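Look at the two complexes coming up: subunit A is in both, with subunit B in one and subunit C in the other.
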Partner chain A sequence: MDPKLFYAQVVQSLLLTSPLLVLLGAAIIVLAADVLMPRGWRGALPWISGLGVAAALFVLNGMGMPAAPQHAFSGALVLDRLTFLADNVILGMALYLIAISPRWLRGRLVPHGEYYALLLFAAMAMMALGRSSELLALFLNFELLSITFYVLLGIEKRNARSTEAGFKYFIVGSTAAAFLLMGIVFVYGATHGQTRYEAILKALFDAKGAVQPDMFALGMGLLIVGFGFKITLAPFHMYAPDVYEGGPTPVVAALATGTKVAGFTALYHLVAMAAGFKAIPAGVWAAFYAVVMTSMIVGNVGAVVQPNVKRLLAYSSIAHSGYMMIPLVVVLAKPGLLGAAEDAIAYYMLAYTLMTLLAFGVISALAPEGEGPIASWAGLGRRAPLRAACMALAMISLIGIPPTVGFFGKLYLFGMAIEGGHIWLAVVGILASVVSVTYYLRVVITMYMAEPAEGAEKPGVMGDAQILAVGLAAACVFVFAIFPWLYHG
Partner chain B sequence: MEYMIPGNLVVAVMIFAIGAIGIMWRRDAITIFMCIELMFNAANLGFITLAQSLGKPEGVAVFLFVITIAAAEAAVGLALFIKIFDDRENIEAEKLDLLKR
Partner chain C sequence: MEYLHPYIPILMIVVLAAAFAVVTIIASALIGPHRPGRVKALPYESGMVPFHEANIRLPIKFYVVALLFLLFDVETVLILTWAIAFRAPGAPMPGFQGYAFLVMLFFMIILVIGLLYEWRKGALKWT
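Moving on to the complex of A and B:
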């Protein structure tokens, strides 16, 4: 290749991935600052990380939403509309977590420098995973994200629960990666050595039909199993309640929101690649369908009996993953609906992230007693009215009551199911949402109706950054419901 | 187009299956982790086989990435194992039940 052209392409690729590079730089600065700064200056670390994320947001939005997909590094990464929106959600999440972390970290044995640096690495890995448009890049970014979370989940010293959460996520995460890798092998073999999504798409719809449909279906199935672990779809969800309960609360919040945003963005690109490919055996799509159904049912039914708010949110996240899969199932048979599916997923990932972050923000503001059984939340309506109101709002939005983001998100998703002719998905989804009213409202009722236990104290006051972050998230639950165009134009 | 499935791919699938069964049956964390490595290497074998039979030598390079990633993962995993061993003097996966009600 002409060297001039080559350098131009490298520069172009670096520019497209600049938000990731900014985060990488910020993480390294945080690590260096932790070592070089005097011990008393630890309070500066969240500020440095926050500035890094703000700079990444600035750079990303400076580029603006791309009109057409733009590829970087010979097609390994892509920046399109969905990844642009996902990146914004992920960076917003990172800012929120950095704002709520200092208060939560107080009095815990967590190395601060590593904690903030790893949060930034995790945000970078999420963006990279969502942007993957080549199979090897997909695997590397998947593992980058997993490995960051193995460390983050087990980061709390002398806390056996944190270690256990990290260990369980480690076993499950590496198994998932192995499945993903085997899936890549089969897709690679079936398409005669293609790894870029664009090339695979071209090979699939090539009239000569060189692709092995059975092998391709097997590969896609294994890929979806790998992602199923990552985004907690039903038969692969077993680890989620334990990991969510034991892990550090802000880290679990990132695991519940950012990881799923990234996972769904990556999965959307994979499904968009295969959508409309007719030669795949019907059994594969039936299995896909069954996974979505069981996620919605298992998530909602499992949550009813959970005694702990973090476990409850784990099951809730399984259910919401099930809802978010609906557009992907629909487009497999009807590739004409790809645009609508992109919109529905993009909106729901924002909605889900906002309300789940709000809930986890309140839990971290009530730590350590808020991380215990739901019974310890009794009487919070009087003891901590602001936090109780925010939690109630998060629960109401998770149920899907208007005028919150949760309602409009579900409206789009179930609308997609009906439009695509999958009435049963919509029916099961709506019935499952009805079941969800019982456990979400149980939290609200405990806070406002139940009498607090003898000697229950007023929880500690919130930090300023925490109030700001939680308050903003609560406001956004309404703002993005009423003005959705602020988000996706 | 006629397409022969290379024999080594069958071996790779069998190794992968052995690893997957091992994860479910074995109890101590080290053996489980070895089973996971087995699955990774099965995928490596599959990649190399396919790259060769498709006449795409660049496909072989994938195993370098996979082995590097597996090494990084092993480093983090063993650190977690040591942390658990410090706490409770064994690393049997079944005895890790603090988070079960």
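Moving on to the complex of A and C:
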């Protein structure tokens, strides 16, 4: 190989991944600052982390949206339109969580340095997972993300629920990793030793047809199982309610939004690789179809009976994962719709992240009472009008009522289903959304129409950063609904 | 399913090995002599006479040290292989050694920061 070309590629790879490197550097600085600074200066940690994320956002957008996919590190990572948008969503999420965390952490036994550093590591891992375009890189980034969350979920060491959440996620996450690895092995074997997506794509559509179709289908099926755990698709969702209920609220918000953004971006790249291959319609397609249907049904029906807002949001996130899978099912059989699917997923990941973050922001601003049963939210419309209004907005957007991002997101997704000729997906999706009205509105009704219990106090005031973050998220729920071009051009 | 053919001999070995183990255990239980005694029932400790329960409480510090040891041990494996390959003949291109050195330097810097971190956190203190 030409040395000049090699070193130029190394430099270019580093430039393409510079937002991740900035986050890595920021996380290390936070860890170092935590042990080197006097104890009284801990208030600086969120500022350092926030500056790191802002720098990463600056670097990312300085590069601009790539016109064509750009590969880094010999094709291990890719930067294309979808990953660029996903990176922006993930970094925005990180800024939001850093803004709401200090007030939530107050009075809790949580090591601050590790908390912020791990949040940054998690954001970096999410970006890396979304950018993976090689099977081994995919596995490594998948594990990097899992490991940060094992620690983050259990970071409130003295809280038994938090420890339980971390441990459950650990057990389930390791199982998922095993499935993912097995899937990788089968895809690798079926394509005679290819791991890069581009090379696999080439092998799949090679006229000589050396690929073993049933082995490849088995590999893809196992990969879906692995991802199913990560993005809480229905038969693999069992851990979600407990983990969401017990985990630290800002961490759960990251788990519910950023992890899914990363997971769906990675899954989109996998599906785009295999779309249109002749073995797909038989086995893999049926698995995708079944998973989408069960996710929409189980998520929405399960949420109806949940007594706790965080558990309710866990089931709601299962349902929304089901909706978000629709474009992937459609393009598996119709690769011509790949561009439309990319748009629909890109928009819905923003919409879902905005409304879910808004809901979790309100919950963390009402902690610890708000993390309890829904009944404790009674009368919040009078006791904390701003927070109640924001929560109501989040619920309305999650139902999908215009003019919010939730409505337009669902419009694109169900539109995809009809365009692809899968009327039943759209029908079940819309019926499931109708069911979802009952439980989302139950929260709103409790806040505005139920009488508060005897001795219910006014919840503590919000911090400035919290008000700013929650208010901005609420505004964005409208802004990106009315001006979607602000997001994906 | 023809790509599974090469694995049939492996399957046969697995079945044979399992059958051998099971048959041996059952046969020795059936035809072997049974004369149990107090000394025979003692746990085997390489000839030592066991003097207390094996389940005792260990200080948690051992686990921290074991964990840190494992961490640095794995890193040593990486650095050793790198060091052997570093001077190996047939570098892929001019200037590759410098590049390899920079990459390892980056790794070492992160490693040292980790070491400093655990030192300052007090993970290396025994008392």
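Everything below uses one rule, namely that the second predicted complex is superposed on the first by the 486 of 489 C-alpha atoms of A that agree within 3 Å, B and C clash if a C-alpha of one lies under 4 Å from a C-alpha of the other, contacts with A are read in each partner's own complex, and residues count from 1 in each chain.
We take it that a contact is a pair of C-beta atoms (placed from the backbone, for glycine too) under 8 Å apart; a residue touches a chain by one contact, two chains touch by 3 or more.
None of these values were measured; they are calculated from a predicted model.
Engineer: Examine A:107 and indicate which partner it touches, taking first as subunit B and second as subunit C; both and neither are also allowed.
Structural biologist: So A:107 meets neither subunit B nor subunit C here.
Engineer: Which of the two partners, first being subunit B and second being subunit C, lies in contact with A:210: first, second, both, or neither?
Structural biologist: After superposing on A, A:210 lies in contact with subunit B but is clear of subunit C.
Engineer: Report for A:489: first if it touches subunit B alone, second if subunit C alone, otherwise both or neither.
Structural biologist: neither
Engineer: One more residue to check, A:455. First (subunit B), second (subunit C), both or neither?
Structural biologist: A:455 sits against neither subunit B nor subunit C.
Engineer: For A:192, select first, second, both or neither according to whether it touches subunit B, subunit C, the two together, or no partner.
Structural biologist: A:192: touches subunit B, not subunit C.
Engineer: More subunit A residues touched by subunit B or by subunit C?
Structural biologist: Result: the larger residue contact count on subunit A belongs to B.
Engineer: Of the partners subunit B and subunit C, which touch A:40 in the superposed model: first, second, both, neither?
Structural biologist: neither
Engineer: According to the stated criteria, A:6 is in contact with first (subunit B), second (subunit C), both, or neither; which is it?
Structural biologist: second
Engineer: May I ask you to decide whether A:28 touches subunit B, subunit C, both, or neither, giving the answer as first, second, both or neither?
Structural biologist: The answer is second: A:28 touches subunit C but not subunit B.
Engineer: In the overlay, answer first, second, both or neither for which of subunit B and subunit C A:62 touches.
Structural biologist: neither
Engineer: Residues of subunit A that sit at the subunit B interface in one complex and at the subunit C interface in the other, please.
Structural biologist: Common to the two interfaces on subunit A: residues 212.
Engineer: Where on subunit A does subunit B make contact in their complex?
Structural biologist: Per the touch definition, subunit A meets subunit B at residues 136, 139-140, 143, 146-147, 150-151, 154, 160-161, 163-168, 170-171, 174-175, 177-179, 181-182, 184-186, 188-189, 192-193, 208-210, 212, 241-243, 245-246, 307.
Engineer: Contact residues on subunit C for subunit A in the complex?
Structural biologist: So the residues of subunit C in touch with subunit A come to 1, 3, 92-96, 99, 110, 113, 116-117, 120-121.
Engineer: Which of the residues in subunit A end up touching subunit C in this complex?
Structural biologist: 1-3, 6-7, 10, 28, 31-32, 35-36, 212, 214-215
Engineer: Quick check: in the complex, which residue numbers of subunit B touch subunit A?
Structural biologist: Touching subunit A: residues 1, 3, 9, 12, 16, 19-20, 23, 29, 32-33, 36, 39-40, 42-43, 46-47, 50-51, 54, 56, 59, 62, 65-66, 69, 72-73, 76-77, 80-81, 83-84, 87-88, 93, 96, 98-101 of subunit B.
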